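Each chain carries a letter (A, B, C and D) given by its place in the written order, and its residues are counted from 1.
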Amino acid sequence: MFALSDLPLLEHSLVQSLNDPAAGALVTFEGRVRQQNQGRAVTRLEYEGAELLAANEFQSIEAEACQRFDITQLHCVHRTGMLEIGEIAVWIGVLAPHRGPAFDACRYLIDELKKRLPIWKKEYYADGDSGWINAP
Amino acid sequence: MFALSDLPLLEHSLVQSLNDPAAGALVTFEGRVRQQNQGRAVTRLEYEGAELLAANEFQSIEAEACQRFDITQLHCVHRTGMLEIGEIAVWIGVLAPHRGPAFDACRYLIDELKKRLPIWKKEYYADGDSGWINAP
Amino acid sequence: MQVEVTYYAMLRERRGLSVETIQTEAAGLGALYDDLAGKYGLPTERHHLKVAVNDQFASWENSFASGDRIAFIPPVSGG
Amino acid sequence: MQVEVTYYAMLRERRGLSVETIQTEAAGLGALYDDLAGKYGLPTERHHLKVAVNDQFASWENSFASGDRIAFIPPVSGG
């Protein structure tokens, strides 16, 4: 399951979406807004996402993960809008019978998500400057 | 930080122990009680731990992890006592500036913990039988 | 042909709007982008950009049909 | 010498108690365990087991001192 969210992400409600009595392992990844990036002091971030396109592309990534790794359930939410330092930008949780595939699938999901999902980050800096990351 | 706990583990209070504005990545591992193990239906589990020895040995594992991986904070709690299906047996959280070391350190910690910490699991089966896992 | 064009992130800011409906005789998605890039001062190099049609990624060589929803995708930076 | 001996998990159940204070003249940790294993029907093969002295893992070859807290450690299965 994948969603974009305009509202702050709360770990305890996210983790409650993952339940399976056959699962022995839950691995979660949480990306948080850091106070600096590449040596520049960051004051906040803005994320923009292409909702339907992102959902479609995530379905492909999810199908790949389920084919490659023995996992039972997964959940991913990415923030949009303005985020302060320390806020959760992205949350991924993977349930599996055993821990190896849970770790591998979670890492696969975040790596592919960062490469493929149509989501953009704009950083606002302490010096008043701002800019889209990776902008050509 | 390491602790044994007789009381149920709650993700949202565990995760709150990890906070660092320089950290961009949090990876958590949660081991849950599965309803079956090696083909046998499990009704509940009992964990016993040697508290001080476990704390000392975890300090060694933590020092190794901090030396090998660029991480900023970690937290681990292991349950003792009786656990029902689905309950959290062990929880590990690792904060790092970047996701690679967070994943690698979290996996290192759970792998070493399983090999080295003086903690024992007794399984209770649906057929009334029970037994210590790995008992010689 | 009439199509709906969506710009995201840096392209949206450069164009000054998110969505517009346009008339075009461009032969394909690449040609359509090149027209708009020339007109609105968007980046002229397409190899860093992607394009989607009706919420699915597409190839710059693809053609498109009247009524399609076309989106131009700058380099992504989620996560 | 007087030492405190702790048994865990399967060893605790086999021995029928967790902790006992004993008098021993055993020359080292291995010899001490072998004495107790013979007396109480504990597993005789030591290579699956570990031993700790004063909350630190130790070697079976080590000696020990009066007052030490010695723990016998069955194969672990946490996590």
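The criterion applied here is as follows: contacts are C-beta pairs under 8 Å (C-beta built on N, C-alpha and C of every residue); 3 or more make two chains touch, one makes a residue touch a chain.
On a predicted model such as this, the values are computed, not experimentally measured, just so you know.
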Shared chain contacts [subunit B and subunit D, defined touch]: none
Most widely separated chain from subunit B, with each centre as the mean of CA atoms: C
Chain centre separation in whole Å, for subunit B relative to subunit A (CA means): 24
Distance from the mean Cα position of subunit C to that of subunit B, given in whole angstrom: 49
Where subunit D touches two or more other chains, by residue: none
Residues of subunit B touching at least two other chains: 31, 110
Contacting chain pairs - touch in the sense defined above: A-B, A-C, B-D
Subunit B-touching residues of subunit A, taken from the complex the two chains share: 10-12, 15, 19, 21-36, 85-86, 97, 99, 102-103, 106-107, 110
Subunit C residues touching subunit A - in the complex, by the definition given at the top: 6, 8-10, 12-13, 43, 45, 48-50, 52, 55-57, 71, 73-79
Residues on subunit B engaged by subunit D in the complex (per definition of touch): 31, 47-50, 52-53, 56-57, 78, 89-90, 110, 113-122, 132-136
